[in-house]
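Only one structure is covered here, and it is reproduced in the block below.
Order as written gives the chain letters A, B, C, D, E and F; numbering starts at 1 within each chain.
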């Protein structure tokens, strides 16, 4: 029995609202149940220095969390004077995942920065950031296409992410915080719209897992990602 | 003529929505036109070390801005590795202003941390933070009173803040970004519900100002603060 | 009764000695009673990057305090690894105040850096820094005029600063440390030689103040600033 | 055809030499071909504060790389003033992997710190660090058992890690730098002596992968980890 | 011929003025020609943690330089966010030198912090800091003796420092900046009042030196230190 | 009697193994008894900016120590976020010493970086770093000569360093950790192959020393350096 009463393979309610930030080239507020992430895309005219004269563009991401997004207040990273290892790991993951869905040659020598800021957290913030970040990126690309800055669409396919894990001995889909903090094994799966794998991160602390369990989680992940891709499509109209 | 077409003494639309953050002891989203600030209050059981055994509590504030709250993207302070001088100046101001409305003896040896995070900026973010931060603080105090953790209300009076300035040679109330960035003189006035002054910060860069102008701005500030106090009351129901 | 026995509107003894630093383009040691600040001006051939090709110059300031300038030793900011929020707030104030007295177009694309280092502190260090910093700036401008590097004098007017406050229920001028640390309300007023206002910063922590008190403090500030401008003139001979 | 001429499922030569650091409670130099990592274990009498009075111990890891371990010199992280996101991500992984093989209750309230320093790098440094770090940890545990500080062995099982990936369209085992830098997909698999999974990290940048490929890589990983466990046993005698 | 016209073995004019900082437990302004250093001593009731329950005290030093103490402005270390390697090296030297003249057992478990701040620099600032720092330390010890906090004098002997070097092929005493910046070999000698050696630091960049030259410099150093000790005595009256 | 049983003027066993790092342009592992330092040389095509258009090259050094090189674990400097004052002082010393043996004009506008990383420490790590660093530098220069990048050899003479001190009242050569941590006076002498002095650093904490002792230590240093130069020659074949 899951704390939320959900079925083992049942996801939380997903909602994606676009156009929520006046200044950004693309933006959305994604809600996976009580996890709320504000995602924005910023187009920069230059690619990073290491891409100079390669004709390739770049997509990168930054991740943050409001101090009181969580049940007890977290110290503000700007006040602490650095981003935690966890934050850096997450933002590297978001950037890597989104780049897997982009033809950087079609983008040309420019950079798109995706900012994912967690307003409220209840587990799965990095997955929500990837799924919502993709929508913001898509909107920014639309803008570039509309103005003629680029001529062929650099977006290869949808990118969506979902968490899976083993909670109380059972495989579950889309863990919330109550499950996440108690799971023996959990991880994130990032897939394309066609169901191909971009990234698999399964991790056990204490309780190891078998290949059979790994396979069951992959089945869940495929179904979950498909649902998220459908939500992305619906949000973009 | 103001860029927004407003009268010289006309404020922007104010809206304050409470209870927007699930985990916080008090929260609101304040909108002053296109300036949107998310404010939360966190109750901590201990006062800062310098108050140990004094019987006094503390109210402090932290301020942040999402990278794409502004027209062009700002570097994330957590990534830069420090809070800017501007950020520190603002959060010191918010804390100081809110403390002026609190009886720290009635609060007892605990601390309330007000987080003000700007989701979207269009001028006047520090004033909005103070006005909204006061609402979050009020809600947290209500919670302490309700649970019996404190018995007499530490809130002495409302605290509200408004910006005034001299734009295109004319005194104006509640500057938006277009005015703020072009004003010869501008500043912030923080007042109580009874109209007493907590803080006056008028600053000219280049164009100095006279005592007559100072007096005119004080008149505007009194009217503006009164309107904000009314909005606070309406939001709290 | 003030701790020092001074009248309510009586300033401390002011002395300004010029030419005290061999290497600087302008320098002075200003003493406001027991508050001693060493001020120097450095001329740099380039303006900051944001002014490139604008024809405008810049005046900026840095502020520091020797660890044992105060009654108990303060940690050295260089050892702490950063300037405190207070330091940054003060040096931004000094720079802003001095720029209000300068025609940056007449200065041309160069920068003058004013360093204000407190050798001994007894309240009012930021006001002394502004008043003394202006003298160092004036001397550096004289040097530029003398060498022909600039042809018209960029100095528009004197700039002087004085603190005022409400101590033991009475309005007082030029607070020393004993008053400053106990005052319910205090602030700084920066004025030009002609008595126009550049900056007003009044702040109450706990005890709020009325418009009548605000007006009384403005009266004091005008008198105090006039006395400081006279001292600047005397020092420059 | 692999750059090294190895078969697709052929690992590099593995050697593990123990007792190489005079001062450490456990140490080894592990070589995976031209990748050389020096691993040491330090026993600390206290567990980290968050474990106080839980009866549980902790195993943590730190990772570093000599500036000239690589083909072109890397900036020393101590000189740069911080550990990179990559370094933090790796050391978190090493610690998490090793803890999965430890009964922290049997260890009691003490901490073992594993330092993994790469003397020479040719791909796969994080896997070598885990495999070698386990040996250093085992030796330190032996010392605790020998002195009677602990009575039951906290080591549950071996922990070993190996990289797999898709290079030039073919699945390969134990990538060296030439393969790693060109692979479309690669990742790390951490397994126990009994072949259960601790962590799976597969990542594609650009070229996504199928479930069939995922399965083939898992087969390689099981074989590779078994070989590394055998090398650990041989080194420990 | 030296740039200043001095004889090879001629020191600059030395002056030491005591009691120049109102708040410090001991202070002086030492001038070695155009090099001016403000030295203060702060008594702290506790020794550093590593001396707890040893009965021993500690003397430490910090060193700083005003940005415009030098011919061209140096970046403020507090703004740069750290003390340079040079600064740290100097302050470690000052502390070590002064401790060599103190019986830390007679001092008891307290710490004296010597702050040496260079107001104006013309070579030899670290030597001036040691010689002046000793005077500030002596005054602070006098205060401890006078109040009865300590009963036997911890000061074993005078400590004074002087620079020597090889300039234009000739051995010279007490180098000023013009010599220092051009010398092939130079260094610092720290001696006691009885002429025993505390520290010798001779360094050649490019031009090496012989034992005969080393001996000649030691002769100069003995004479120079004796003159400085006489100046210390005169200043203390 | 020395803890190791060595004669007063007896050095530890010295071994220098070259070519130990695959990627470096020059490398060696130097062992002075139980002190082991890995030294590498990296050739960079550009000199530092301050040498632009001077025709001169540069040699610089960085120093590090593995956390468990010592008896108790030291905090990793990269994790602490900065290099300690001690580390900076040592690496400045190494660079200065090596430059004294190089004709920077013959080197041309390029830089050689010497990295010295202590794998195991038992006293005298800075001396071992200099002696071993010189060998790595020599090898890198050989490579430049071989490829014709430079035509005349920039290496003027050998550079070697040895520690001497006063332990238990007796002058001793090449202190190990047991002696170093207990010595009243100790220091480092850096000499050329011809026996000329590059740097002398003698320091007493508590126990001062006489000129006779200074002379005795210089005698030891000359003999010790000669032995190290012989070892350098043997290692280079």
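Criterion: a residue touches a chain if its C-beta (ideal position, glycine included) is under 8 Å from a C-beta of that chain, and two chains touch if they have at least 3 such contacts.
Protein names from UniProt, one per chain: A, B, C, D, E, F = Ribonuclease PH.
In this text the structure is predicted, and so the values were computed from the model without any measurement.
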**Q.** Neighbouring chains shared between chain A and chain F, ordered by label
**A.** D
Q. What is the shortest path, in steps, from chain D to chain E when you may only step between chains that touch?
A. 2
Q | Farthest chain (mean CA position) relative to chain C | A | D
Q | Type of chain C:chain E copy interface by residue overlap (half), same or different | A | same
Q.
What's the farthest chain from chain F if centres are computed as the mean of the Cα atoms?
A. B
Q: Could you give the separation in Å between the centres of chain D and chain F, each centre being the mean of its C-alpha atoms?
A: 33
**Q.** chain B and chain F, separation of their C-alpha mean positions in angstrom
**A.** 59
Q.
Could you pull out the residues of chain A that touch at least 2 other chains?
A. 82
Q | Touch-based graph of the chains, sorted into line, ring, star, complete or other | A | ring
Q | Sequence of chains encountered when the ring is traversed from chain A in the direction of chain B | A | A, B, C, E, F, D
Q.
So in the complex, the part of chain E that touches chain C is made up of which residues?
A. 21-24, 27, 34, 38, 40, 42, 44, 62, 64, 66-71, 73, 76-83, 87, 113, 115, 117, 119-120, 122
**Q.** chain A residues touching chain D - in the complex, by the definition given at the top
**A.** 82, 85, 88-89, 92, 96, 99-100, 187, 192, 196-206, 208-211, 214, 218
